[in-house]
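Input: structures, listed below.
What follows is chain A paired twice: with chain B in the first complex and chain C in the second.
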Partner chain A sequence: MPTVIVNGREIEIGADERLNCIQAAQRADVEIPHYCWHKDLSVVASCRMCLVEVGERKPDGTIAMVPKLVPGCQTPVKAETVIVSNSPAVLAAQKATLEYLLLNHPLDCPVCDQAGECFLQDYSYKYGRGYSRLQEPKLLKPDKDHIGDQITLFTDRCVMCTRCVRFTREISGTGELQVIERGSHAEIDIFPGEPCNNKLAGNVVDICPVGALCSKDFLYEQRVWWLESTSSVCPNCSTGCSIRVDQNKDVVYRFKPRHNPLAQGEFMCDEGRFGYKYINSPDRLTQPLVRLEGDQQPTDWETILPGVRAAIEGAITAKPQAVAAVLSPWMTVEEAYLLAGYLKNLSKEIRLYLGPVRVVGDDDCYPKDVHGNAVAPTRFTIRAEKCPNRQGVEAIIRHFQGSTLSMDDFWKAVSAGQIDAAYLVGGDPHEPWLTDEQGALLDTLKLTIVQDILPSAASRRAHYVLPGGSFAERDGTFVNHAGLAQPIKRAIHSPEEARPDNRILWELAGRRGLFNAGRLRNEIAEHISALQALTHPLGEFGVMLDTPGKPTNASVVANAATSP
Partner chain B sequence: MAEFEPVLMARIGKPDATSLASYQADGGYDGLKKALSMAPAEVTDIVKASGLRGRGGAGFPCGLKWTFLPKDHPGPIYLCVNADESEPGTFNNRVIMEGDPHQIIEGIAIACRAIKAQTAYIYLRYEFGKSYRVLQNAIDECYAANLLGKNILGTDFCLDVYLHRGAGAYICGEETGLIESLEGKRAWPRIKPPFPAIEGLFRKPTIVNNIETLACVTHIVRRGVDWFRSMGVPPDPNNPRDPGSFGPKLYCISGHVNKPGCYELPLGVTARQLIEEQGGGVWKGRKVKAVVPGGISMGFLSADELDTPLDFSGPGKAGCLGLGTAAVVVIDDHTSMVDVLFNCCRFMAHESCGQCTPCREGTDWMRKILERIRSGFGKSKDLDLLMEVAGSMGIIPGTTICGLSDGAAWPVKNAIKKFRGEFEEYIAKGMKSELPVLVDAH
Partner chain C sequence: MAIQDKEICWVSEPELSFWESTFLPAIAQGLKTTVGHIFDNKTVTQEFPEVKPNLPANFKGVHRLNRDDEGRVKCVACFMCATACPAHCIYIDAAEAPWEDRDKYPERFVIDELKCIYCGMCEEACPCDAIELTSEFDISGQTREEMLYDKDKLLSIFDQTVKLPKDPVRTHGGVLGPASEIVQPMPPGKVPPPLPIISRPANDSSH
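This part shows the complex of A and B:
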């Protein structure tokens, strides 16, 4: 194994790894500060923050250093490379670069959204000097609110790292952002009338190391140190981007992408990023409702659950093959398992249907060329399938029933009068998952139980309404389009009387104790061979499942890592 | 000096000197015919043996640069001709482009023969309107006479030459900035490696040469290596890395002299000889205070350093950055060095491309400090601050992608080191400069 020496400490790197000095130093827990370098973007080496001394250790043990400072991002390491990031020359260069960056940077941290997660703040504190020696007025540059529908530019906070420009050129391929003017007057801008509104535009806010590019959605909403972050998975398409849910006092304020080489890489799309609003919606179902005769009446959980149980058992006694359950692709694997297991345990003849899977157009691949056509190699894909867990729910249904039935089958059966009782788990919070006509068909049923988070044509007619939790309120597992199982974690409490679906189903199934996703995952893995990979604790990046035609070996994992 | 006969400028001023007929009457394109009769490697060897060093500023050995191209590359290989002459005080390329364009085109053809390029791009500074017309006319004449185009002079050598006008940025004179600009992008110099000889224009092997360098190539092939090496300064025996400075050089003298202009002399004349023998002495009977040896980014020679030979290594020994473009700007003793330095910094702040942090912010900061000093609000610690800023901007070899930052920092370091007393007096007395600088003169 090749050895690299970072500040006197030897570390080993992989024989065929191509690392630069920043990455190699990270292995040795040494931070080399940097602004312009980003793992997924081309190297420009222009911020000059990562200047280090490098050299080579000769076989006789002597070390020959390059007689100047070099940018760590641009310098690859090989066997016996020596990196020094704490010598007086390096420290002086870091200090000088930070002073330059702060020369014209307004010290408006108290009103800047980035404060608290700002690399200019952090590095200034660690490597900079306490005050600026500039006595002249700072350059003032006008803010550019017009730069995009979702993003705004505080021009004078910019450090000209050009990460955003490279992102729109290399990842989205849309190239809206550019540098205008020259020297210290250089600014990020758009071509007049062509704002940065591509479907990945929100990422430029994430990769901006300072508070120059801000999200209009999040602007002035919260101080970041008030936010608590929970690792989760974006539920808005089947890519299953790893994300962080940032909340304060049970209100979700933003999603941020989380690095996951197996899922999506570094970024996420705007559809997913801003698709959290329904969680905080005032329309949420917050109260269990029961309709015995006439209108729906609020009730409590202690009353409704035995009622639901008795109603289902009654329907099964009457005609088991006329009892149906719709399992939404928005459910977690655990929830689908609980519901399917509970019902199939009552009667094998109950039919399980897969809830509506919304598919919008085709998979949207990036980067694009000037004509809007995708160009290889694909750097990011927004899936056409707009639900997080079709694969996982299907695996559960297949286990209990052998094959899955679609939503179309369900509506056909309802129209044909073959169904008397239905347990409907709603799902899609963005689009109505049934039409009013379909809702009207439900009037023919003797028993309708709806478990959902938002009102729908079904919930208005239901005999029992069970207010569930959004994905941010639940623990469980989502399986993405490629068979990657990732854990979602509870970030907030459900509003008012609403309960996370897993708890509802756990209690409905009459299980003892409290729902625990990890323990249930083990149980599922034991019983269902297709999901046996779940026995492993789902690590940081999740595990690949043994889905048909997709062997889980190292090569698949490696491919997934390079082409998310 | 008297026996020196100009070569590069020999035909300038003759009637009809820019026409192909007149050039051929004086033996023009004989060098190309000679080069076409040789193998490409032989041409490279001749240029290498001549010790020709690039005239653009850095003085890199030209033949050596050509050998950096990958061997047996399937092509295309490009030649970029740097005619983006924008260093303040420099006008030698302009003089030969306007006065004798065919020697340049012949040099381009010979160079392309040597490096096996079939396409050459001349990147011309936008402001040189006459050069554009003259060069374009010369190129058209060459195409008509089968000196450019397909199967030149009946051989299998093909060459297309394109004349491209820049858009007025100093940074386009940096070789990778020039390449980026030619590709239609913002002229932000590239990180190296890869060097242009490996991956340059359109990601293909590329050689970038200066106009005067290529004009020299013409004469080296025509007159031979020995002729070229008969002029100039041999290598310093005490410095094994010094390749020597051979050949004729165009010196531009401007500033406070009686006869400013472009003069062709063998490399190694001293600044004093230039000023007194060619420039006709300092104007109005005044004395020299400082001399810029080769464009302002090279720094300054003080009055007692005037005997410094202006070859590639001479100015370096006097604390300057190098010979640069051999644009000698003479500053008389009635001029304030504060004003001179302010003008340098103003230029560099205006021309910094804005890519690397130290240069983008440092150039403008130095300009602001000097502006404040000129307004009478200087403090003595400003000089140390200027030195520190200049020091962190350009630690030779530099902390930035290209050399602009070093070039911006050098005159500051030089001026404060060599004229510190004057700066201190200016600040202590709270002097102000009433003289406007030529703000729009760039």
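This part shows the complex of A and C:
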């Protein structure tokens, strides 16, 4: 194994790994500050923040250093490479670079949204000088609100790392952003009338190491140090991007992509990023409702759960094959297992249907060429299937029933009068999951139980309405398009009386104790062969259902180290 | 700049002598004060509210929000006061400023005067001297809601107290300190006055 010496410490790297000095130093827990370098973008070595001393250890043990500082991002390491990032020359260069970057940078940290997660702040604190020697006025450039519908540019905060420019050229391929002017007048801008509105545009805000590009959605909403982050999975398409849910006082303010080499890589799409609004929606179902003499009336959980249980048991006693349950592809594996297990335990003849799977167009692959056609190799895909867990729920239904039945089958059975009682789990918060005509068909049922988060044609007709939780309020597992099982974690409390679905189903199934996703996952893995990979700890990145034992590539894990 | 180990000065408790460890000198010293008061006939009771108390210059009373030269609220809604506040009594809603020269301003600024412990941390934290504690202490209200002071109320306290000879003690009689001045963009061709040069630390060897 090749050895690299970082600040006197020897570390081993893989024989076929291609690392630069920054990555090699990360393995040795040494931070080499950098702005312009990003793991997924090309190298420009323009910010000069990562200057280090580099040399080579000769076979006889002597060390020959390059007689000048070199950018760490642009310098690959090989066997016996020596990296020094703490020598006086390097520290002086870091100070000088930061002083230069701060020449025209306004000191508006108090009003800047990036403050608190800004690498200019962090590096200035760790490596900077602490005061400015500039006596001339700072160059003030006008802010550019027209950069995009979702992004805004505070021009004077920019440090010209050009990460955003490279992102639009290399990842989205749309190339809206560019550098105009030269020297100290250089600015990020768009072509007139061509704003940066591609479906990945929100990522330029994340990769901006300073507060130059800001999200209009999040602008001035919160100071970042008040946000609490929870690792989760974006539920808005079947790619299942790993994300962070940032919340404060049970209000979700933003999603941020989280590095996951098994799922999506580094980024996320705007559809997912801004698809959180429904969580804070005032329309949310917040009270259990029961239909008494024609009217839905609010009730409490202690009353409604025995009522629901009795109603289902009554319907099964009457005619078990006329009882149906619709399991939404927005449910977690655990929730689907609880509901399917509970119902199938009561009667094997109950039919389980897979809820509506919304498919919009085709998979949207990036980068694009100038005509909008996808170019190989694909760097990011927005899936056409707009639900997070079809595979997981299907696996559960297949286990209990042998085969899955679709939503079309359900509506056919309802219009044919074959169904008397239905337990409907909604889910899709973005589009109504049933039409008004389909809703009208539900009037023919003797018992309708709806578990959902937003009102729908079904919830208005239901005999029992169970207000559930959005994905940010639940613990569980989502299985993405490629069979990657990832954990979602509870970030916020449900509004008012609403409860996370897993708790509703846990109590409905009459289980003792509290719902625990990890324990239930083990139980599922024991019973269902298709999901037996869930015995492995899901960890940060999740587990592939077909190749669970495969260790995650070591370099992949190492590269996951915190990086701006 | 991060705090270096060499910049930290560790102090330890002084050792007590045998005589001190009996605590008798300390008790005698305390009793001296007590006994002294028995023979002290000076009246210390103040006839409030007929007589207003003579408060020390650094008394911390009710807050005010300062105005800038154009009469606008000086606050830039940076939330530093709310972050520093140990009683969590400051609520701010930020929004984009309606003015050209500012990015952000407080759309709503509320201080719960009942929750506040008048520690002055908000004033310390404020980067633009927008919030200050005045020497007004006799505030009252009929309901809890009344004691939630909003932006208008806090600005009106500024209007009331700015002309008082005593207020504001921390901003030199209405003239706000140099830290509070908002840097205006310079018209082209005009050279601004030089900023004070900060002397470089002696141990800075980078240049």
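The criterion applied here is as follows: the second predicted complex is superposed on the first by the 546 of 564 C-alpha atoms of A that agree within 3 Å, B and C clash if a C-alpha of one lies under 4 Å from a C-alpha of the other, contacts with A are read in each partner's own complex, and residues count from 1 in each chain.
Please note the rule applied: contacts are C-beta pairs under 8 Å (C-beta built on N, C-alpha and C of every residue); 3 or more make two chains touch, one makes a residue touch a chain.
From a predicted model like this one, the values you see are computed outputs, not experimental measurements.
On the superposed chain A, the positions of chain B and chain C stay apart, so the two partners fit side by side.
By the touch criterion defined above, A:488 lies against neither chain B nor chain C after alignment on the C-alpha atoms of chain A.
By the touch criterion stated above, A:352 is placed in contact with neither chain B nor chain C. In the superposition on chain A, A:505 makes contact with neither chain B nor chain C.
With both structures placed on the common chain, the touch criterion links A:219 to chain C but leaves chain B unconnected. Applying the stated contact rule after C-alpha superposition, one finds that A:135 touches each of chain B and chain C. When the shared chain is aligned, chain C comes close enough to touch A:110, but chain B does not. In the superposition on chain A, A:68 makes contact with chain B only, not with chain C.
With chain A as the common frame, chain A serves as the apex of an angle whose CA-centre rays point to chain B and chain C; its value is 80 degrees, to a multiple of 10. When the two structures are aligned on the shared chain, A:96 is found in touch with chain B and with chain C. Of the two partner chains placed around the shared chain by superposition, neither chain B nor chain C is touched by A:457. With chain A used as the common frame, the shortest Cα distance separating chain B from chain C works out to 6 Å. Residues 92, 96, 133, 135 of chain A contact both chain B in one complex and chain C in the other. Listed in rising order, the residues of chain A touching chain B in the complex are 43-49, 51, 67-69, 71, 74, 92-93, 96-97, 100-101, 103-104, 133-136, 139, 159-160, 178-179, 181-186. Chain B meets chain A in the complex at residues 169, 186, 188, 191, 349-358, 360-365, 368-369, 371-372, 385, 392, 395, 397-401. Note for the complex: chain C touches chain A at residues 1-2, 76-80, 83, 94-96, 103-104, 127-128, 185-186, 191-192, 194-195, 197-198, 200, 204-207. On the side of chain A, the complex with chain C involves touching residues 88, 91-92, 95-96, 108, 110-111, 125-126, 128-133, 135, 137, 140, 143, 154, 219-221, 223, 225-226.
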